[in-house]
Each structure stands twice: as C-alpha cells, then as structure tokens.
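Presented sequentially are two complexes of chain A, the first with chain B as partner and the second with chain C.
Then we have the complex of A and B:
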C-alpha cells in the first residue's frame, strides 16, 4: 500500500515537471534564436527576389548532415542561413523545432489559463446551482441556457468584438467565458448528488456553514470530475485557439503558437512541405498525453482510498 | 445420501499482488434432501463466498476454490461451464439479498420469470407467460395476471422478493439457496417471506440452504445450523440442540449479545466476554413523570408537495432519558430526526427546546446542543478527511477548545472514550470497519457535548456482536454525560433495551406511546401487536 502511495505521488511529480518545464524553461532560448534568425532572414529575403529560395530546408532525414552544415556555415558567417535545419524551417526560414517549442509556451499558457478560468467559473456556478437548488438553480440554469443557445462562433465573435483587441489575454478571456458551460452542468449534477449525502448532513449537523459544506466538504469529493474536465478542456482550448487564429482572433502575428503553425501549414501542404504540420501535431499529441497522465496522477494522489 | 455434500471447501480471493484473502478455509457440511440448513455468520465469515462457490458464480479473475462440492453425487468443481449453466436455475437456484438490484429494472416481472422457463424448459413465449402468472400466484402475489406486466420499480420490496422467489422456483429446483433473503425487508414482510419459503419447501419437496446473520431467524426456519466465523465452521448441529445448549463460545455469544424482549441486563454481553459467567443484574427503565423535559414537539408535521410524511407528531424527551421511536421503512422516523436536528425545515407544528421555541434558538447554539448519529457509517464520514480532522472540525466551527493543540487533545480524548486507538487520528475513514466508523461518528457528535443526541438507526447496519458493543457504548455515554437520546430503530428488541419510553410510528402517525416495559407487555394498538408478533424467535 505504501508503495502505491509513493508511486502515485512520484508519478505526479515526474509528470508535472515534464509538462510544465517543457513549456517554460526551454521556450525563451528557442524563441530568441528563432526571432533573431527570422528577422535577419526576412530582411535578407526582401533583398533577394527568388521566392523559392526562402524555403531553407533540404533534407529533414539527415540531422547529422544538417549539424555539419550548420557548424560550417555558422563558422563562415554567423548571419548566414543554414541550408538545412534539424526539423526543417518555415516560409521565413525559421526553425520549426524552435517554433514548436516557443509555440508550446503560448499554446500551453493560453490553453491552461483558459481552461482554468472556464473550470473556475463552471465549478463556482455549478456548485451554487447544485447546492442551493431552488431559485439560484433556476437563475443559473437560465443563464446557462442563454449561453448555450447562441451559436458558438457567433458568441466568440461577439466577445471578440466587444474586447476589440488581439493577443493572448483576449483569447484566454474568449475561451474561458464561453467554455464553462459543460463543466457547470457536470459540477451541478455532482453537487445535486452530494448535497444529500450523509456526510454533508453530518457537517450541517455540527453547524458548518453553506460555503464550508460546499467548498471544504463536497469539493474534494467531486474534484476527480473537475480534474478530468480541466484536462479535457486544456486540450480542446488549444485546438480552439487554432480556429480563432484562422478567423483572425487568435494571438498576434508577432507571436507563434501551434494554432498559427497549423494555419500556416494548410498552404504549405499544397507545396508538399509537411514538417511544420508534423511538428505541431507531434507537440500537441505529446502535451495531451502528458497532461492527461498528470491529471490522472493528481486525481489518484488526492484520493485517500487509493493509498 | 445427502443432496449436497461440501467437503474441504476453501475459497481464496486475490486482493492484489501480495495479499490473498482466505475467505473460506476448508469447511464441510451436508444438506440432506428436503431439509433446511442454515449457514449463520457475521459479515466476513465466508458464508456468501460458500454460496457462490456452490453456484459456480465466483469471479474467475481473482478467486480460486478448492475442495469438493458434491451435488447428487456429481462433483460441481469438476463440472464445465455448460454443465453448470444447465444446473443453475434448473436444479439449484438462488435468491439474493437486495431484490431491487437483483431484478433487471427494464424488463417486466413476467418476462424475467418466463426467461428461466424459456431457457431451461424451452417453453414458448405464451406458455412461459401463462406459467409465470401461475408461479406469481403461488408465491402469494396478489392479482398475478396484472402484476405479471409490472416492472420491478412498481412493486414493493416484499413483492419484488416474491417475484425473485417465483423466478428461483420456476424450474422446480431441488436445492434453493437463499442468501439473506429478508435482510432488506421490514419485519412484518420478513415474516411473510419466511412463511412463504417454509410453505414452498414443504410443498415442492426442495432442500433449502438459508444464509443469514440473524440467529433468531434460524430458529424459525432451519433443521440444521452451521455457524461460521472467519471462514471456518465454529459449530454445527441440529437446530434444537444448538439453541438449547450451544457448545462453542462464539455461538453462545451470538445468542446472548442480541437484546431480547424478555430481559434487560445492565450491559449486553459481547463476544470477548465468552466463555464467562454473565451478570444477571437488570437495568430499570421508565419515566417517573417528574423529569425535566428538554424537548417537546407538538403537532410536528412535514409535507412534500402533496404527500404528508409526518402528520402531527407530539412527544416529549426527558433530560438524561431515552425516547425510542419504532416504525417500518417509510413511516417517517428519519424525517422526524431530520427536523429535530434542523436539517430539514418542518412544515407545521412547534418544537420547544429547553423551554424556548426551537426556532428562536440561534442556529449555531441549537446545533451545538443537539447532535445526530446517522445509520450508515460508510456514508456519514467525509472520505477525504482524516479522522482527526473529522473530530476537530466541529470544535473549530464552534470555536471550542484552546487552539489547535487543545482541540487535538480533545479529539484524542474522544477517541479514547469510544475505545479507538490514538493512531486513528491520522487515518482516513475507509481504513476502518463499519463498527469503528460508527464509533468515529459518535465521537464527532460528542465533540460538542450535546444535550440531546438523535440516533437514527445507529446499529442497524452492523453485525450483532458489534451492535452489542455500540449499544453498551451509547449507554455508558448516557450514564456519564446525562445526555438525552432520541433512539430510532426498526428493531423492537434494540429499542426495548435502550429506551425508557417508546413511540410506535406508522405511515407518518404516532399510533402509540407508552413506557418501555408497558408497551411490550400490553400493546394496545393493533399495529404494535402486529409488530411484536412478527418478531422472529419470540
């Protein structure tokens, strides 16, 4: 039993380091490198006319060759463009690997923050609706009904129009404010179920206040539902950010995200340049898996019955 | 030769890689033709595992059974899946404890009874329906021609169990295994089901293997009794002999630790007391009429929409005394408890607490002075809290005890008082057995030093030997702290043991209130008389 505890919490820690640090600690150097390179190459490209030369990659399957080529060209002149990059480059010759890593920072931040906001809203409102019932439930359900009855994209456009500003914060607000509905519904159902449980009655009997029963007693017992929703929403929001970027409501052109990478790759695919799509997809798949594992481990670590 | 011979039966369950639970450790007994054998034991004794092994229904993934189970000379351990399927339902059939969850909720009763016939006898749809109606009539279901199309939720618990029995006897089995068939039912319904089983057994020349935790039931139904504990047989013999002169100390304890209507010892004997001499000193119960009244209810009522659950209940609870409340399920007992603990608002009537209108007493003060212990020890403790947190929380909310350290000392003292080790402080509720959890729940209620403790079926979910320990504990606490109890139970014997005054409730009304000795000696209301006559083993 003790071994199981250690394993669960250890898994939680490992997974957390994995998910979080991939985005934060590696991103800034990748971002800087990519930025300097891109601004330099953009200027250079403006001078030379040949559009075809702008695709700076030859062979993604020969990283050794690329390494040699890079060191060679790096030695001759630091500003020179490498003919090949380990994972290829994009239209402007930016390193796709570095873009993907930098994109992690944006996407993970946007996805995580938006999912946290949505989960927070959904949990708060769902708890009130489910716990108090009666007119509180009616009002909140009505509010929920209004939100869900508006077509999703229309709602997104409306909020975007009201905020009238581009950038990560806007995206987070849009996603967070529109995404809480499903969580609200689930949390409400859980609270309906739990508020009549005997342990909650027992808490009432010893004089615990409504807020205390709601958030000290019931919340830990429904946390598994909330955690699963959180992880699902992070994933969903990262994908939604793509749609927003496509519609022009995503992050600005000066920042890179997986969404913008995927949006670019649509045109690139026609030209047979698949690596940007592959890099973004791979990064997303890795993050989704890691994040699911993380929330699973968190759920297990929080449940005393599994120790 | 006996119909069923079990020899050297052992059942192991693999819990995880390291732990194996030896549920049954090499037992042997026989069920002769047309006899009834009772397998008696408390939870964890291995009685249900034995039944499942006979039926070949043990889960294959994590259990192994060894030994011999000879049915009419054929070893069932060697029988293949197909052969077992042919036997199950046709030759050997089984009824379970929870009729509601054993019946499939989406099919009609008639379909489910008929399914057995279609499967084993190859009857057509029309013929199986006709036969199902006959069978439902045989098990005493009123108006079987209509009920045959009813779904399980449209029937009462007793009717569902009758339908289960109809299903079990449909193919005229030679052996019927009944696993706690009446535990989930009210005492009056229990009596009817037991009579039905006895009648069917005689009429159809079946053998009956009756599994129960309740020795008093056994006295009514069994010819032969097998007492099990921890996977082993402690004692077996003819029922008459076993009840007259039990040999094994555990059997003696089981017989003695259940309170009876005949006597009221100062303490109930518990398993650890045996073998030992018992004190015969009796406790006197009853009210003199001069006690201080701590709580008085007048015309207390509760309505849900149009349904009236409690119809004007009036009663008084004296300081330091116990008011017993008896009734069957749905009689409104728990609703009264909820209203008195201010967990549900009343829809009518008045409650005076300590001379004041209870609604004038501030919520926090009222909750400190009136506490409640619930029936289900598995549900009433927050699974995410440690025991220490469960016990210190009431004090924290009411700002009692001197700081963190003081509250902790008080919690440890409470644990000691309910006879739990101090190490319990850091554990979670799921690490305790049912009886221990109920002790924790009692300790939590005591944390506020209440003047009135409402006990809503506090021992109903527990084994009889644990019941006796908890009843003793509750009595000791009352003697020590002079608390008043409202003691709610469906078990007349338990109430008689605990209460000074007894109220009988039926369909939301209090039909009779009298002194504890008076009501059992001279019941006046017909319903009280019915309850008393339905008690097993009296």
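Then we have the complex of A and C:
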C-alpha cells in the first residue's frame, strides 16, 4: 500500500516537475517552423527562387535586395529552422511538445487553485452547517440546494457567459465558486457525526469556544476526507478547464492550455496532422491518471477503517 | 408517505426562489448592460435607450425581478435576443432531437455498464479486475473532447461508417443514421466512471450473507448473480441513473454541438456564445425545476424498490 502511495505520488511529482521546468524554458512562439504548411512551403519557395538563369546580365539591385530580404527575415531565421520538431509543430510553428508541457503548468495551476478555493469554501460552510445546526444549517442547506438544482456544466457555462472575460483568474473563480457543493455535503455530515463525540464535549466542558472546537479539535479528524476530496476536485477541475478553454471561455489567447490545443487540432485533423491531438491527449491522460491513482492511494492510506 | 411528498413539494419553492434569485443576480446585475450587446455596430445613445426600454432594464431591480417571476409563472420568456425566435418555441422544437439521442444513450450505457460491472465484481481481486480498473481510470482521464474528435475523424471521416454530423428529417433516419455515432461516443465516455461506480455497488452486495445462503442452497451462479445480487444492486444503480438525468440533458452540450444535433444542449451553447440571456435564463430555470422533480421521483422510486428504506 505504501508502495502504491509513493509510486503514485512519484508519478504526480514527475509531471509536476515538467510543469515547473516548462515555465522557465518556454519562449514566446519562436518560429521554429517545420511540419507546418506555411513556413515549410515558404522555405521551399525561397530556396528555388534564386536558381534562375540570368542570361549573363548582372542584376544591379540584386545585392541590395538580398540584404533587404535578409533583414526582413533576419530575426526569425537567426534561429535554425528545424525541419522536424520532436513532436511536430502547430500551424504557426510552435513546438507542440513545449506547448503540451506548458499546458501542464496551466492546468495544474488552475486545477489546484480552483480546488483549493472550492475546498476552503466547502469546508468553511460545511463546518458551520454541521456544527451549529439549527437555522444556520437550514440557510446553508437552502443555499446548497439552489446550487445543486442547476446542473453543474450549465451553471459553469452560465457564469462564463455572464462574466464574458477570459483569463486564468476568471476560470479559477468560476470553478471554485461552483464546485464547493460536494465538499460541503461531506464536511457537514462529518461535523454532524463528530460534534456529539466525547472529545468535543470535553473541550466544551473545559471552556473552548465554538470556533476553536470546530477548527482546532474536529478539523484534524475530518481532514482525511477533505484531502481526498481536494485531489478528486483537482482532477475534475482540470478536465473542466480543458472543456472551457476548448469552447473559448477559458484562459486567454496567449496562455497555452490543452483545451486550446485540442481546439486547434480539430481543424488540423482534416489536413492529416494528428500530432497536436496526440500530444495534448497523452499529456492530459498522464496527468489525470497520475492524479487519480494518487487520489486512490491517498484514500486507501488515510481511511481509518482500513488501518 | 403523502406527508413526505407534500413536505418535499413544499420545499421546492424556497429552492426555486433561490434559483430565480441566483439567475436574476447573475444575469441582470453581474451581466452588465445587455443593450450594448444588442445594439449592433453603430451605437447611438438614443438607440441604446430604446433597447433598454424595450428590454425593461432601465427600471429598478425590484420591478425587473417581478417581471422575471411573471415570466416564469407564465412560462413565457420572450424571444431570443439573437434569432428572435420565441423561447418556448425553441424548447418545443429542440426537445425531440435531444431525447432521440439521450434516451437510447441512457439505456445502452446503463445496460452495458451494469453487465460489465457485474462481471468485474465477480472476478474481484484478479488480474482482470485490476486491469479493467486501471483501464477505466485511464479512459476517464481522456477528455470527452478527444473521444469526439478522434472518433469523428476515424470512424466517420476516414472510414465513412457514420455521417460526421448532422440531423435528418424523419425519426427513423435520425435514430439509426445520425444518432449512432453520438450514442457510441456517449456510451464510451460514460462507461468508465459507471463501471467503477456500479462495481462498488455490486461488491457491497456480493459480500452479503444472503449470497452465501443462496449458494449453500444449491442455486447456480447465474441465478445467484443474475437474479438475487442484481436485484439488490439495481436499487442504487437506478437511483443513480435518475439523479443523473437532468444533468445528462444539460450535459449533452458537447455531443450535440459537435455533431450538430439541433437539441437543447446545442441551443444553450449557442446562447452562451452569443450572450443570449433569455434562452440561458429559461433553460436554467427549467432544468432546475426538472432536477428537483426528478430528485423527488428518484427518492420515491427508491422507496418502492427497497421497502426497507424509510424516507423521513
């Protein structure tokens, strides 16, 4: 079991490392060309254009023209235009492998931040509802009912439509503010269970305040549930972020995301270029599987019933 | 029992009220001035004022809320901002195609996942079990988008087995030709999480004493699993399916959009892309009502299927 935890977390770790590295090395879309229609054909044209027969007449403007051509393409052709990239390039010549790795960073960041927000909200509200009961519980349950009556994806899309503004912060806010419901229900149930246990009554007898009892005494005993939910939600939010980015409501245009890669690959497939789809799918599958395995191992390790 | 039903129906209203408030808050307050969205390319102050008066957004919030409530009560949300089609007409015409895809999808995927989950639970702990579980985990991690794209490309575009997208004009044509690939994609996507979930339900049942008793009585494995275990495991499965229903309706968005099926999900995505608030508001409210009704029905059916359950 231990091995499972370490192996799974190693998988999670490795992918996380990739994300961190990519953050440093990813350059703005350098036109490294290759495997793309536009740049490859342009190179070919420019190559063959100079082989004309000049009938022995020297072109007086040739050297100047050559110089102009060189300065025009000077910036981009100073980097070697590799004919093939490790995983191919996309329409503008950006390296797909780097995009996939950078996308990892985006997804992890958005997924983690949103999950943290949702968990924080869910725990806070769940604790209040479960611990105090009475009208606080009723009000919060009403709130919960309202949010769960609307199918999740619909709610997310509706908020996205209203906010109408892209960017990672928006996505994190949307996902976090709608995803707290599952955690709320679980935390509330746990608090209901715990608040009548002896150690809580003892703390009350000693004079601990309500807040202190809630967070210092009960919370550590509930934390195993919360941790597992946190990592489940990271997975769910990563998948949602991809869908949002695909539809165009996610991160901005200049941030790489797997969703936008998938969106581009939809049209590329028709041209027979499958590598962006493959790269994005592989990267996503790896990260989500690693995280899911990690969650399963975490749940097995932390579940007090199995000890 | 009647008391329970009455109590649950009575609880509808505060929740519905909350939903109405939430939708109202989102669209009329946070959403900003819709007149700018509708005014077109050459906005002039008079034109903007005209539109605002027509939409009723220049009135105080309380009045707007009252208008919204009236709209819900009369089930008439006005016309779509983009196409000027009446929202009720949009619903009436789009519900059919949505159901043509969703109902077969539900039936097929539930049947398949149940059978698969039962078999997997039966060989629990073996290599097959673990392999299939890992397979499901990996399958779940691939986004639905990839399945749609890949299958559309391979099966429809390359091999030509199905039309890539579109919708026909008769029920027969729609059901067999155009729904086939969407249903296939939907089944594949929902198989993985469903198998995992149903497997846990089956496992709960298989370890019960009555299974041991049945075997001791001499019943064959087929009868034990297929009749006794299945009947008990079906209870949570059925309730799970019912609870997923409203979400399924709204969640078929992506499938409908990419296969160009003129259903409700596609309308919603189009409305979101065009910031077409009446449609989005109407759908949200309707689906919320449907969700509450279905949850109540699911609880009642749970009670009928499993007499041991007490509902209060």
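Heads up, the rule we're going with is that the second predicted complex is superposed on the first by the 192 of 307 C-alpha atoms of A that agree within 3 Å, B and C clash if a C-alpha of one lies under 4 Å from a C-alpha of the other, contacts with A are read in each partner's own complex, and residues count from 1 in each chain.
Throughout what follows, a contact is a pair of C-beta atoms (placed from the backbone, for glycine too) under 8 Å apart; a residue touches a chain by one contact, two chains touch by 3 or more.
Everything numeric here is computed off the predicted structure, so don't read it as measured data.
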Q: Please indicate which partner A:158 is in contact with in the superposed arrangement: first for chain B, second for chain C, both, or neither.
A: second
Q.
Let me test your reading of the model: by the given contact rule, A:203 touches which partner, first (chain B), second (chain C), both or neither?
A. first
Q: Could you look at A:116 and tell me whether it touches chain B, chain C, both or neither (first, second, both, neither)?
A: neither
(Q) In this superposition, which partner touches a larger number of chain A residues, chain B or chain C? (A) C
Q: Report for A:269: first if it touches chain B alone, second if chain C alone, otherwise both or neither.
A: second
Q: Could you say whether A:136 touches chain B, chain C, both of them, or neither, answering first, second, both or neither?
A: neither
Q. Can you list the chain B residues touching chain A in their complex?
A. 338, 341, 343, 363-364, 367-368, 371-372, 374-376, 379-386, 393-394, 397-398, 428, 430, 441, 444-445, 447-448
**Q.** chain C-touching residues of chain A, taken from the complex the two chains share
**A.** 142-143, 145-155, 157-164, 235, 239, 242-243, 246-249, 258-259, 262, 265-266, 269-270, 277, 280-281, 284-285, 287-289, 292-293, 296
Q. Hey, which residues of chain C end up touching chain A in the complex?
A. 11, 14-16, 18-19, 21-23, 26-27, 30-32, 137-138, 140-146, 149-150, 153, 157, 246-247, 249-251, 253-254, 268-269, 271-273, 275, 277, 280, 283-284, 287-288, 291-292
(Q) Residue numbers of chain A touching chain B in their complex, please. (A) 197-199, 201-209, 212, 217, 220-221, 302-305, 307
